[in-house]
Structures are given as C-alpha cells and as structure tokens.
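After this come two complexes, each holding chain A, first together with chain B and then together with chain C.
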Partner chain A sequence: MLSRTADNMYWLARYVERAEYLARIIEATQRLTAVPTSDGATTNEWESAVATAGCAAAFFLAHKEANEQTVTDFLAFSPDNPSSIRSCFEVARSNARSVRTALTVEMWDAINGTWLELQKLGAGPASREQFANFLRWVQESSLRFDGSAYRTMLRNDAYWFSRLGVFAERADNTARILDVKYHLLLPPQEHIGGPLDYFQWAAILRCVSALTAYHWVYRESLKPWLIADLLILNDQMPRSLASCYAHLVEHLDNIARAYGRQGLAQRHARQVRTRLENSRMDEIFKGGLHEFIGSFIADNNRLGALITEQYLL
Partner chain B sequence: MHIRISHETRYRYDAPTNGVIQTLRLTPRNHDGQHVIHWRIEVSEDCRLDAHEDAFGNITHTFTAEGPFDELGVQVQGEVDVQDTTAVVRGAIERFPPSLYLRTTPLTEPDSAIVDFARDTNSRGDDALAMLHALLGRIHTEMTYDTDPTHTATTAAEAFALKRGVCQDLSHIFIAAARYLDVPARYAGGYFHRADGIVQQDAGHAWAEAYVPTLGWIAFDPANGICATDAHVRVAVGLDYLGAAPVRGSRRGGGAETMAVKVLVDQAARQMQN
Partner chain C sequence: MAAAFDEMKGTDGLARPAYEELAGWLGKIPPDILQQRSREAELLFRRIGITFAVYGESESTERLIPFDVVPRILAAKEWDTLKRGLEQRTKAINLYIKDIYSTRDVLRAGIVPEDLIFQNPVFRPEMNGQRVPHDIYVFIAGIDIVRVDSDTFYVLEDNARTPSGVSYMLENREIMLRLFPDLFARHRVAPVENYPDELLATLKSAAPATAAADPTVVLLTPGIYNSAYYEHSFLADKLGIELVEGRDLIVKNETVFMRTTEGLKRVDVIYRRIDDDFLDPLSFRPDAALGVPGLMSAYTAGNVTLANAVGTGVADDKAVYSYMPEIVKFYLGEEPILKNVPTWRCREAEHLSYVLDNLAELVVKEVHGSGGYGMLIGPKADKLAIEAFREKLKRDPRGFIAQPTLALSTVPTLVEEGLAPRHVDLRPFVLTGRDRTRIVPGGLTRVALKAGSLVVNSSQGGGTKDTWVLDN
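Moving on, here comes the complex of A and B:
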C-alpha cells in the first residue's frame, strides 16, 4: 500500500471525526448560554468553545470578540479556518477522492453526499432553527461515514489506518474538553458546586454523549472526580482516553502484524495505554489533573507524529 | 521478543473431590517493555472466573468448582511482546513504597549463614548496584540448580544450607541477603524463554527484583545469573513465593492429589524491530 493512500485514509477519518466534534461543541455551548448565570459569574461560554476547539489563536486574529455570531461562523463556516466544519468536509472529501478505490461505495456516497449538501448551503443557514438542523445533520453525516466504514470495509491495512485516524482524533478531542473544563473537575473546596456547576458538568458529559452513561456506571449524582474517571480511565466509555488508546494499540498491532515489523509508534502507544491502565484517579488528582491532561495531549500529538514518520511519509 | 506461552496445570484426585476453590495469579500486566497481546485462562470445570487485583497489583482470578470430579485442569494461553529495558522495571503498578519490601517473611528469613554470606559479599562496601551484581554472581556460581531436594515450602535458609535449589530457592536467598543489606527486594514470578531452543519446561520461572534509589526496581535472575532481558515475562510479584504463587487453593475431600505441570514457552513468528 502506498504511504500516500495510508495518509489519505488516516486524515479522511480524522477530519470527519473533527467535524462531528465541532458540531458537538457548538451545540453544547448553545445549551450552556441558555442557562441563566446565577451569581454573576463571568464565564464567556463562546470563548471557552473556541479554546475547546483548539483554535483560539487563529480566532482572535480574525475576530475581536467571542460571541455566538462570530464563533459559530468561525467554527462552522469560515473558509479561512482550516478546522471549521466546512473546511473539514472539504479536506475530507478531497482526501476521499484521492483514494476513491480504497473506499467502498457506501463510504464514498456518504462523504461525497455530505460535500454536495454543503455546497448547496452557501454562506450558512439563515435562522437559528436551521442552524440547529445543520448541526444535527453534521453529526449524522459523520456517523454515516463512520458507520459505513465499520460495516462495509475489508479488514485490511486501509481500514486500520482509518481507525487510527478516528481514535487519535477522538482521544485528542476528549483531552481538549477536559483541558478546557478541568478547573470544573477539581475537587470542590469549601462550598458545594451550585446549579451553574451542575450545568457545566452536564455539558461536559453531553459533549461526549455520556450523561446517561455516567448514571449507568456510577449510580450517583454528578461528581467531578467520577466524571474525570469516566472520561479518562474507564474502558467501558467509548470516548474515554483509555478506550481510545486500547483501540489505537489494537490497530497498531494489526498493522505491525500485517507488515511484519513494529516500531516506535507501537511502543509509544503501548506506553501511553499502560500508563492509563495502571493509573488510579486519586493518584492523578494528587499529581495534578491539569498536568496529567497536558502531558497526555503532548503524548497524543507525539503519537500522531510517530505514525506519520513511520507510515505516512 | 514476541513470546507465546502455554501453561497447563492438571490435578488428579484419587477419589472425586467435592469442590475446589483456587486463586490464580497467572495473568501478566502491561508495563514499560511488556505488552500483553492476548491472554486467556480456561478451567476444565464449569465455574465463574472472577478477576480482582491483590494488594501488590497482581491480577488474580478466583473460582470455585463444585464437584464431584476427579480431575481439574487450568490452561493458560497467551502472547506477550517483551522489549529489553536493561532490566529496569518501569511503568508497573507500584502500590507500596519500596521500604515495604524490606520486610522479612518466613520463607526469606536470613539465618546466620545467609547473614555471613551477605556481609562477605558486601565486604568492600560497594554501591548498591555493584553489590547486587556481586550477589547475583555468587549465588549463581555457588549454588547448584537441582529440582530434587527442595519443594515449595523450603525456606531460603534451608536451601542455602543444602547449596542446592530451584529458581524459587535461589531467588529467596537473593532476596534474604539483599534485605539484610537494607536493599528492598521482592519476588517475581513469570516465564522465561530459553535461548537454547528448549521449549517445554516443567514450571514457570522465578527471579527477584531489587530497588536501587537512583534507578528504580531492577530485575535479577539468580538461576540464570543474568539480569532480566526481553526473554522474561513478568506475571506476579510479592514478598516471597507465597505472595506471587501462580495457583493457591484448597479442596474438600478428594483423597490424594497429584499435580502435573506443562509449560511451553516459544518465540512466536519473527518480527523485525526498528
């Protein structure tokens, strides 16, 4: 298989996953801004959304203020933002076109159909209701692509590279949510978190579709350290860091077995997976949640670089 | 090295036993340099295998097999990828500070002979690492590997007096001497891939780990006279053999019991490394 093909499969999957993530953030932020601030807390939710999407620097070059208008435009439609929803689908579709023969008919229909709809959309939906439908449609498009890959692709190296893209992006996304909102997950000091904190925590869980899952696993009211446990260490939760890395290790092992050699990418992924497997939440809090997440994001980026060096160049 | 392991333990009872309860420490964990690709335990009787973690972080499986039956087999199969980490054990579960492993146990109690041996090895007052290497070398050369005279309940002192023993005994002696010299040491059980091509073994392997403050936990294998390499698969650790024993259990009824163990440690398909 050409490294260019592997590169296209990897990034195609990553960009489609990223588009879904951006839609989730915007939806979660819209829900949060509808909550009335209780004690005059001055959290700017839209600024936090831009930070969660990882493009704060680029945003503040283009816009002065972070409000619903500017942020939704920047994150969803701006052609100047290489990670807006529109740009994600553009790049994904051009990657898909390059490897048209490595995709199944369903996958191509999914990504091409999405791109064609996006062209029809033009500058952006007019009303708020249309925008809500748009966000729902983005998530469904991503699901349709991911689902058709899972259901129809042959389990060979093309499939595994695309899975690597999905899980690397998913781990990065969950880590970013935790990173931006980590201060909410630190154990409360003197006072018990009020209604505003509850909505913030619920928003974190909704972002990863884990609100019901939380109650299923822990059978308790929302507690910040259990939320952190669910999203970092719990294998059952498909978007947790531990689960993403279990899959990354599995697929890197599959690739290594197929090619008859393993290298730095496999070893690094195993190292991160082992660290997540062997950690406990109280140890992580003792060492500092923010530091832990920061070093995880660095490790995740390093894994992306190693995969690129080893297979995609 | 990509190692494939098959470990079968078969118990035969003269008269059918009414029930057996066992705790298995047969599942390796991941740490830096050790990656479990897949691992499976199968018990020949219908039972529920409950997975837990013991105090040291070992994965334990407990099961109760209701009788009557006159044969019980525990079959373990798996594949592990081990990389050489120059014998340093990193990234493993460490539930306790190293000083806990200075505690002596009946199996590793140093008697006057072991005390003299330890003092003699440390006569030059070398730094800890050099001293441990000297200990390793001396035990390897001065003790003879012999499966006959000892059994699982032999203490370090008894084995040292005989100057004979299996890897379990040599490891106990190493641990006893190291602890006497104020070096935290623990027992490690697992599997060893032989370089001489012999794939079938009668038992798993045992070695010791000692703590050096600047380096961390280092694995020493007195039976082979080397530090652990990419041929060692680490399964369980404990203060001594009892804490890391692969199988511990009891049964109701059953008359006399015989146990047969067959271990196959083989290198799986060759894989290139970069």
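Moving on, here comes the complex of A and C:
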C-alpha cells in the first residue's frame, strides 16, 4: 500500500486513541479536585493533568496559571493545542478523508459523524453538565471508531498499521501517567503515605479505565505497588505496557509475514516486550520506577521512529 | 426561440414510444409517491454517498448535487446513432491531436487557422514531435450533447482534458435501482455498472511498451481540497487502484515510482485528474506543488502513459470547436454523424458583425470559459447587460463565439408543484483504448432545475437524472 496511506491509518488511529485518553484525564482530575483538600493531595491537580497529557510546555506558553478553566479549555477545545481533543478529531477526520478508500463505510461514518458533532459544539459546552456529557461522548466516539475498525476491516496491512497506531499511542499514554505519578506508587517497604493517597490512586486507575479491573484482578483494596504491577506488567490489562507490546509485536509480525521481510522495528518491539516479560515489580522498584518508565518512554518513541522509517516515508 | 421539444410528450402531446411505460406508470401512482421517493433518494445519497462524499463541509451544498427521480429515456435506435457519432468524433479528435503535434497537415490544408493553435495557451510545445503510446491522446472523453427535436442531436462541447461527472452516472443508477425496482422490471434498461471495468481495461491497454505484463495503474488527484476529490476517491475505489497525490510519486531514471510500505513500486499508467499546468513543476508551472518533478521526462522517454495525454486542450477549446465538422471530414473522409451547433466565430469580421447585430437572440460564450460562466444568453439578458457585453466583445472578438439560443429538449422533472418540463443535456463518456472504443450506454443527464433555465451546470443550480438506454 502507499506509504502515505499507511501513515494516515497509523496517525488516524493514534489521534482517536489520544482524544479518549485526554477525556479520561480531564474526568479523573475533576473528580480528584472535588475531594476536600484534607483528604487529597496538596499539589495542583490541574498542573499535573497538563503534565500527564504531555503538553506542559505548550500550555505554559499560552497560560500563566493551571486551573480548571484554562486546562480543560486547553486540553479539550483549544485549536492552538495540536493535541487537544478538538485538534485530535480534526486531524483524524482530515487523515480519514485522504485515505477514504482504505477505510470501511462504518469507520468513515464513525469519524465523520464525530467531526460533524464537534462542529456543532462551537466554542465548547455551556455548562458543567454538558461538559461531562461531552467527555463521555468523546470516549464513546473513540470506542465506536475502534470497534468499527475491529469489526469491519479486512485483516491486511491497512488494519495492522491502524492497530500499531492504537497500541503505540496507548503505551505512550499509560507510560506518561506513570511518569507523572510515580512518586505515589511506592513499593510496600517504603510506603509511608496514609489513606490520603487513596483518591490519587483511584484517579490513576480511572485515567486508564482500570478501576474495576483492579478489583477483579487483585481482589484487594488499592495498593500502590499493585497498581504499578497492573499498569506495567499485567498482560490481561488492555492498557498495560506489557499488553500493548504483545499487540505491537503481533501486528508488526503480521506485516513482516505479509511483506516477506522484517526489519529494525520488529526487532526493537520484540526486545521491549521481552524486557517487560522478564521483569518483576520488586526488581523494577529496586532499580527505580521513574528510571524504568523513563527508559520505556524512550524505547516507545524509538519504535515509532523505526516504524516511520521502515514503512511510512 | 421555438418551443422546446419534450422528450416524453413529443410534439403531439402523446407519450413517445420509449416513454410510454413510464408515462402510464406516472399516471397511475399516488401523487405524493414521487416526493416521498425523492426524500428517500436524498437520504440514500447521504448514506451511500457518505462513502465518497464530503457532506457536512461548509462548501458541501454545492457538492451534493440535486438528484431528480424521473429518468431520462433514450430508445435503442437513438442511442445507436449517438454511439456511432461519438465513436466517429473521438476517433477524429485523436487523429487531429496527433497531427497537431506532428506533421500539422490540418493547418497546412487551411482547415484550422494556425494562430488558433500556436497562440493558444492550451497548446503544449513540449509535445511537438512526441509520440504517445499507441497514438492515443484522449482515452476518456466527455462529449456534451443537446437535443432540439426528435431527430436532431448537437454536440455542444468536447471535453478532452479531464472530464468529470461519471461518478454521478453510476451513483444515480444505484439509487434508482433501490428506489424503483418496479420500474426496472417494466423496462429493459442497459446497465452502466460495468463502466469501472471498461475504464480499467482501457487504461491497462494504454500501458507503455516497457511496462510489466500486468501494468500498474494509479489515479492522480490534486488532493482532498479539490472539488472533484470525491469522484477521484470513488473511482479509485471502484477500479481497485491506488489514489495517489503528487508527493506519493517519484521519478528515477526517467521512470515513475510510487512510495509504498514495501518500497518503491513502478507505475505504468497514470489516470490523472490534474490539469497540464500542474503536472510537473520542472516543465510547467514551477509553483505547482501538486505535481511530480520530472514526470514529463518519464513521459517523453515513453516509460509512463498519461491519460489523457498532455496538450489535448487543442481539441476541446471552444474556438476550435467550430471547426470540428471540417476536422471529422478531413481525417475520416466521412460526413459527421453528430452535428455541431451552428457557430459564429467572432474572430471573422462577417460573423462578428452578424453577432453584434443579433446579440439579443444569441448565446455568446468565452472561448476559454467553462462551467457556464462569462456567457451571455441574449434572450434572457436585459438591455444593459447586452450593451456591456457588446463592449466586451468588440474589445476582444477572438475571445468569443456565438450560437443561436437553442431550445434544449425537456424531460418531466419533479419540482415543488409536481412534474414539470425542464431542459436537459447529456454527457456520455467515451473510452478509447488500444484495442477498441468503449461507451457505456447513456451517460450523465444534467437538468436545469429552474423553470425556463438553460444552464445545466451543477455550480449554477443544475441537477442530474438517471439516463436509461432501452434495449429493443
């Protein structure tokens, strides 16, 4: 297929996935800031939300202060933020248009319908209630697009490139939230925080839609080291780093088989997956959670660069 | 202007044979059923069309061209004449373009004035002495036909560059099949759905000699901001070929390649929907970001086929149009089967004075205009407009031609008050391949939706109809 088509499929999927993640960050932050200060953290949650979304630098160029108003506007609606929900859907729709022939009707319907709804929204919802509906709608739109792709696409390279986009973005999102919140996720022996951190932990899980999953997997009250385990190593958890890499390897292998040759992208993805498979949480804590996540983010970025180099140029 | 010929009622008010069944059916159905089907059609266009269309965009109203549910019907015999005429005309056009870029017999014989070619911006000196694969220049022609009575069809315009509209022909039929299965059961309508197959066969037959046995064909589009983008993506989809933009192609060693996920892949035939000017910034407009640098070098080396060829504008220019009957005779030694609309060339003094004396009765067109813009329809214009046009015409007589105001035929069309006659034209699509000429029966019927209007262009309130060619 055309490299440009593959590139569009890959980024289309990435942007739709990113929009959903942004909606979850905003939702979780709103809940967290609603908790009385005596029960919650003392840091500025909205500042942390911007960091988790990975656009702190751009945000502080545009705004002096991170508060609910400025951050929600920046993350959800700002046309100046290339990673706002609005921008994500705009770019996704534009990518979709230029690869119309590679999409199924259902996928086009999903992304075009989302974009049309977005146009009606104008500057943003008027009330908090409407905004809450908006955030739910963003998540549903992403689910609808993802589900359409899953259910209607031919299993060929177009599909695999779009899946690569989904999982590369998802891995990046999960890693980013861990990077910002790592100080809350300490191993048992170092954990001195009290119940005050409880709401922070719940918020982390909400960002990656894993609160219920946590209870099913561990059948325990929230323990920070188990949260880290769930998000990093547990391959049953669809947003864990381990699960994302299992999928990345699988789809890269599909492409390599179809094209009859593999390259650096396949080799690199396999290395990252093997490292995740061979890791244990206590070792990760010993080596430093922050360092581990930092090197994972670098690895994941490198995979993106390798995929681009190998296929998308 | 005489009363228009109605294709259903003819001159005596009785349904003409091809329309008998339809007229009977229209007489029997409940009055609101057409309005209801018409609304369904619009929904279907949005749903089926959604696959291709860009509905929802601010400029979308212009792109969802109104569709009329009453078909336009041609009898087998009528179509047969048209078909032979179209074949003859495109054959002559191809011979003529080849001549213009080689020995120029037609100029030396004084059939067409030289300055009309050499001073024409659509003439491409780059093509002088250049052979194209199989001597075919116009692979896809859209020849606009109008009708004035039961026997007379005129060619209104030859579109030999990048004619569009065929996607409407195909979609209109799909919609009609869904909405009126009953009507199709009562008529034997020649199918059009094989057009994409015929087009692909035509394009493949045009592959250069150096191409692989199964040549790679692509459709080159200016991109998503082009008003015909939806047609480009629709056709690429139906043909099963890649829809490429200039940046997807690269020229190496005078060969064209596309950038794919598996590396560079050779391209043999380019169905281009980009104008000559924008094809190659190295040869034509240097600011043409849409094109492919070096494309002309691969083309002149004979390693890639462009469909249509570069420089075909010398055939469909409105100034050249008036010479087409002579051109047909010159190359084929036959009388043209399809007539031209009688045309006055304002460049000739006698013609000009006649035109200036009769502006109120004539249609005056800009030689290089298209889309129905910049023309004067004498009988519909007020004094002021006529006088303004007279000045324009005197300043640059070479820029204009004039024709009588034709009473274009009408076909019943659904309007708010019910069925009413509206003027139509027809654009059949003629495919010329190495092996043979292919014409899918019918074409795109455009209809002027405003009462009395003669302008069928979609940009000016025109709509479309499904066109039926009946089997005997």
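Here is the rule we use: the second predicted complex is superposed on the first by the 304 of 313 C-alpha atoms of A that agree within 3 Å, B and C clash if a C-alpha of one lies under 4 Å from a C-alpha of the other, contacts with A are read in each partner's own complex, and residues count from 1 in each chain.
Keep this in mind: a contact is a pair of C-beta atoms (placed from the backbone, for glycine too) under 8 Å apart; a residue touches a chain by one contact, two chains touch by 3 or more.
Please read all numbers here as calculations on a predicted model, not as lab measurements.
A.B. asks: According to the contact criterion defined above, which of chain B and chain C contacts more residues of chain A?
C.D. replies: C
A.B. asks: Once chain A of both complexes is superposed, is A:H290 in touch with chain B (first), chain C (second), both, or neither?
C.D. replies: neither
A.B. asks: May I ask you to decide whether A:L264 touches chain B, chain C, both, or neither, giving the answer as first, second, both or neither?
C.D. replies: first
A.B. asks: By the touch definition at the top of the document, which applies to A:R97: first (chain B), second (chain C), both, or neither?
C.D. replies: Touch status of A:R97: second partner only.
A.B. asks: Just chain B (first), just chain C (second), both, or neither: which does A:D253 touch?
C.D. replies: The first partner, chain B, only.
A.B. asks: Does the superposition put A:W115 against chain B (first), chain C (second), both, or neither?
C.D. replies: The second partner, chain C, only.
A.B. asks: Return first, second, both or neither, reflecting whether A:R273 touches chain B, chain C, both chains, or no partner chain.
C.D. replies: The first partner, chain B, only.
A.B. asks: Can you tell me which positions in chain C touch chain A when the two form their complex?
C.D. replies: Interface residues on the chain C side: 50-52, 54, 56, 223-224, 229, 233, 236-237, 242-245, 247-248, 258-262.
A.B. asks: Which residues, counting only chain A, touch chain B once they are in their complex?
C.D. replies: For this pair, the touching residues of chain A are 249, 253, 256-257, 260-264, 267, 270-271, 273-275, 277-278.
A.B. asks: How about chain B: which of its residues touch chain A in the complex?
C.D. replies: 29-32, 35, 37, 57, 81, 83, 91-93, 271-274
A.B. asks: Which of the residues in chain A end up touching chain C in this complex?
C.D. replies: Contacts found on chain A: 1-6, 94, 97-98, 100-101, 105, 108-109, 112, 115-116, 119, 157, 161, 255, 259, 311-313.
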